[in-house]
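What follows is a set of notes on a single structure, which appears directly below.
Note that the chains are named A, B, C and D in the order they appear, and that numbering of residues resets to 1 at the start of each chain.
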Amino acid sequence: MVDESARVRVAVLGASGYAGGELVRLLLAHPRVELGHLAANESAGRTVGEVHPHLAPSPVGGWVLAPLDAAAAAERASFAFLSLPHGASATLAPALLDAGLRVVDLAGDFRLPAGAYPEWYGFEHPSPAWLEKAVYGLPELFAGDIAGASLVANPGCYPTPVALGLAPLLSAGLIGPGPIVVDGKTGLSGAGRALAEATSYAATEDSVRPYRFPKHQHTPEMERALELASGIPATVSFVPHLVPSVRGVLVTCYAPLGAGATTDSLTGCLAAAYADAPFVRVLPSGDMADTKRIRGSNLVELQAVADPRTGTAIVVGALDNLVKGAAGQAVQNMNLMAGFEQTAGLQAMAVYP
Amino acid sequence: MVDESARVRVAVLGASGYAGGELVRLLLAHPRVELGHLAANESAGRTVGEVHPHLAPSPVGGWVLAPLDAAAAAERASFAFLSLPHGASATLAPALLDAGLRVVDLAGDFRLPAGAYPEWYGFEHPSPAWLEKAVYGLPELFAGDIAGASLVANPGCYPTPVALGLAPLLSAGLIGPGPIVVDGKTGLSGAGRALAEATSYAATEDSVRPYRFPKHQHTPEMERALELASGIPATVSFVPHLVPSVRGVLVTCYAPLGAGATTDSLTGCLAAAYADAPFVRVLPSGDMADTKRIRGSNLVELQAVADPRTGTAIVVGALDNLVKGAAGQAVQNMNLMAGFEQTAGLQAMAVYP
Amino acid sequence: MVDESARVRVAVLGASGYAGGELVRLLLAHPRVELGHLAANESAGRTVGEVHPHLAPSPVGGWVLAPLDAAAAAERASFAFLSLPHGASATLAPALLDAGLRVVDLAGDFRLPAGAYPEWYGFEHPSPAWLEKAVYGLPELFAGDIAGASLVANPGCYPTPVALGLAPLLSAGLIGPGPIVVDGKTGLSGAGRALAEATSYAATEDSVRPYRFPKHQHTPEMERALELASGIPATVSFVPHLVPSVRGVLVTCYAPLGAGATTDSLTGCLAAAYADAPFVRVLPSGDMADTKRIRGSNLVELQAVADPRTGTAIVVGALDNLVKGAAGQAVQNMNLMAGFEQTAGLQAMAVYP
Amino acid sequence: MVDESARVRVAVLGASGYAGGELVRLLLAHPRVELGHLAANESAGRTVGEVHPHLAPSPVGGWVLAPLDAAAAAERASFAFLSLPHGASATLAPALLDAGLRVVDLAGDFRLPAGAYPEWYGFEHPSPAWLEKAVYGLPELFAGDIAGASLVANPGCYPTPVALGLAPLLSAGLIGPGPIVVDGKTGLSGAGRALAEATSYAATEDSVRPYRFPKHQHTPEMERALELASGIPATVSFVPHLVPSVRGVLVTCYAPLGAGATTDSLTGCLAAAYADAPFVRVLPSGDMADTKRIRGSNLVELQAVADPRTGTAIVVGALDNLVKGAAGQAVQNMNLMAGFEQTAGLQAMAVYP
């Protein structure tokens, strides 16, 4: 039962990066949200318009970003988004939760079991108790748990389409339990806002290259999400690549094809699984996934093809890494937690071309 | 006085091009619009989702585009947008108007005096009577006339920032009446959707080039808009360029600097002229106009600098050619004509980065 | 023994496409080549400078492209490059060969066994006898056969880095004989010069998408090249993708890791295999392959990484699809066939950035 | 009289930036050059291959960059290119000259009269005596002076096409002496290699914006070059813009049209002026200048159009800012100074597409 009059007062901690700016953009257009508090670390003291010139003409363009402080956030909001570098939320989120806020964390700090952090993130997790209570915020797979959660770990941009594309097929036995290959491609907004020669325009135009493999931290997250959703352990080989674009993640997944599975049965399984999911578009056979068609929207495209010659199921997923891969999915989680319509504030179509 | 409950039923004729798709995208999100009729010429019979894959998941994704027909449009709508190739509206608009619809034309068919069409558009105007009644739809300069008009000629993407940037300065005597140079840069969506090797990705990456000068049809439109708004005749030398981007027009205007005029007085004049204009952002001194910051929004950025060394006023304007340069401005005109808030359906911030 | 004074007179049949233009560019700078004949199909009668404006200032800028005709080519050249759409060389090459020319074919017409053409290319091969005599022109693996061949099938852009990257590892047992996944990314020059909305700038910027899978014709070519070079049958699942760039192919290959193999042993095996190969750069551990670094050059970069956690060998290869993936490799083959230094005319470094 | 056997031993001081890397790339392919010494400031101690990965496979890939030191350079070379930030050459060049080397400086340190440096470059010139002896290195206009010079000031990327395009027209009276507008567009390699958010890929895609106006230091250089070449004082209003590309500068110049001048007479004047200039391509009427067609080459394209309606001559010039706008022109100057063919090492056609 959706409460049509409910509203929520929201804080964004870590409002200066690309995902933080996208959160502010989406929340400004959300019919049930009031922005109460915007904070940042190094950019504290600057205005929103200075940090995000595209938001200068918005109602919050003149707001001064506050320093990161749980108590200050708690005074002005009952709900907090954390969009900080990995490692920072693990200590800040508990303070916010203790102060009574509900929290969606966009970093990787609450996505894995405690034991995985030293290997994949390079730190010992400081809040294992909260980590156990955190819910993995993939709404299409775990909506029930999300609705009642205090702390939601917003999924990574790569694991989102991988889990959505493969979990129903694993559960249905249409792909086997063997090793899975995930080849990822991302635009430069996925590399964040920090300066580096590798992310300059001159070095990026006409450049395609892999990065940080085989130890990208989204690898164990994919494996865990698949097992959480299907009950079946999965092993993933994952290589991410940077391609000359700004928004958009596309993953191409290769898995063992289940006996008798066809393009139609793979597609049909996904279509049935997401028949009621407003943000998942399962493409009809022959239509190719394309990051551009969903840019700026909260949609994810899924495409499944059987290759019986090699015994491979190929599943392609595409999304906008800053929307369904970050800020949009975070708002979708908030909607579930607050009892709003899942689609509130998220109905924009892609800005195309 | 804004009537808060009024709604309007709308037809889009020419819904298959980029501007037509942008109209549909904006109208879908407009709180007071109901889409009643979508039509196209060559694409008639195809669905919206086939023609515009990014709109496939929208409520009109399955609609079949109707053929262009005034009577059919009149049955289903009281307001029509025409987004057709130059020359087509000149005959279709009168039929719609005679059937009682109010019309915004996005082509160039109602922007110039009848005598200018053979030279600049290559055809004799078939409806000089309606042409005389048409109002030039630049809301920030001609809002009063637009509100009562039956037929509004939506301005071109280049003339919009030129007229907005120069008209107040001409009126105030801060720039002289001498010859004006306008150097324009556009992204590829401005070249339309027709196929050509020159607009292929391979030919466009790392390519900067002028086109169709010195006889681009926006030249007399700039001159006329400036004279309409300021009462002062203007002569414009205009060279447009294609640059490797998709959305965005930036114009750099060079005009004789009025005696005693400074960067501050130029900027102050523009700021005063647009103090109540919700879509015009006059940049403070030192801030550079940038097409990317307003992509997807209805905003226009204006920047003015005096160069006393050479006696030149330099005015830079930037907008998204598909929004403030086409579909967004058309919706803004409809808002004025229908008595809605000028900003209805147009408040989205830019999708950045 | 290299003959330092030898020269060859060359014809290019199919000089109007991107690969044809690249052939002319490279041959113009080749110290032992004289261009004797340039021909095309639809573009016959136009000048080189009209068809390739970047070659207008070259010595052949004013040449008129001849129609495709074996006898005319035989009058003016002793060596022919064919750069035609798939299917056209299969009938033209035999005529040239019968007239005494030696031939390098850049299409796919002589790369597969006759029986594979109906399934993968959609035609019955018209010259199975010549097909049997054709040598697969991957110089680093088959230099001996190439030197004496009359007809060389120049490899495809994707199979080149796949075969170079995997064949030595297969032969050495460092990767197992199990199924191999190849994920390919290409720029738009790989899509050719024909017009299509999908290859327009507006549709391509910020777009990443797969195409023509799982039946891309390079798939059996990869499998065959690997078996030819290693003697071990291979099964490849291949998905190619278009990314927003112009030149450059990058393949990411996932194969079963041989027992005990490490990143060092994989890298060492490749380095040893190509110690004398002037165009193969095996990257040291930690260095990431990058298409931009080799743009415009005949180099291929290979990078190998072991992921013992999942038992996967990951091999990344990068090249310029118009040079090492087409015209450059064709010239390299000609060099071997003509007894020139392998590197003649091919020593340019990348144009960077 | 060209001496066919002469060779020169060359030093590049400032080899780590984009222009420095381009110098090394061009000099490696120059038939009469031996690289003797490569030096840099902050990158001293790193290898060429580390600093310029695209040159890692070249014969100098393993060279360690030396610190900047005139004596060390003089030991290993008789000719020096300086490619340092503005201000650094003004002190280093005299030391090299005193040590007997001939010098081409790619910075702005020897392009203007001493009195102009405080205003336009922000420093007092430390070597006014050498400044007076420096020759402005635009080979098509000042070849005679260059041949005998010890110190050549290599022109800026923007002034090169402006001077080449306008000087003959000024001299012939085809354009008047009135104020000239120059609107410039550059790719990101023109912004150099230093890190800045404004030059990141995410901030640059789909962004068009002006920068550093009206006080760009190329403004007085254009005025001076025009006066040096034509004897007629010129006043230039110049606004440069960044567009999403990497290589390429395009300038659009607007000048008063001389009485009776036509597109044909403008074009004819330029064609006659450059009939013997191997790197200048005067485009026939109707052909549009395009930066992409000359990328990687030392060519400059010039296009002239008369607009009698407004009394304006429009001259468009295009070049590759790293070749004809920097390193290529520097090599061309060296060729003249050393008595080589002007085209030695510079005959490559554009890498297209």
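Throughout what follows, a residue touches a chain if its C-beta (ideal position, glycine included) is under 8 Å from a C-beta of that chain, and two chains touch if they have at least 3 such contacts.
No experiment lies behind these values; they were computed from the predicted model shown.
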{"item": "Chain whose average C-alpha position is farthest from chain C's own", "value": "B"}
{"item": "Pair joined by more contacting C-beta pairs (B-C or B-D)", "value": "B-D"}
{"item": "Averaged-CA centre spacing for the pair chain D and chain C, given as whole angstrom", "value": "36"}
{"item": "Whole-Å gap separating chain B and chain C, where each centre is the average of the chain's CA atoms", "value": "47"}
{"item": "CA centroid of chain B to CA centroid of chain D, Å", "value": "39"}
{"item": "Of all residues in chain C, the ones touching two or more other chains", "value": "18, 187, 189, 202, 204-206, 244-247, 290, 292-293, 295, 353"}
{"item": "In the complex with chain C, residue positions of chain D that touch it", "value": "18, 21, 25, 28-29, 52-58, 188-189, 205-206, 246-247, 281, 290, 292-297, 299, 347-353"}
{"item": "Parts of chain A lying in touch with chain D, wherever the complex brings them together", "value": "18, 187-189, 191, 193, 195-197, 199-202, 204-206, 244-246"}
{"item": "Residue ranges of chain B touching chain D (in the complex, touch as defined)", "value": "179, 181, 183, 185, 187, 202-211, 213-214, 235-237, 239, 241, 243-248, 250, 252, 254, 288-293, 295, 303, 305, 307, 309-312, 314, 316, 318, 353"}
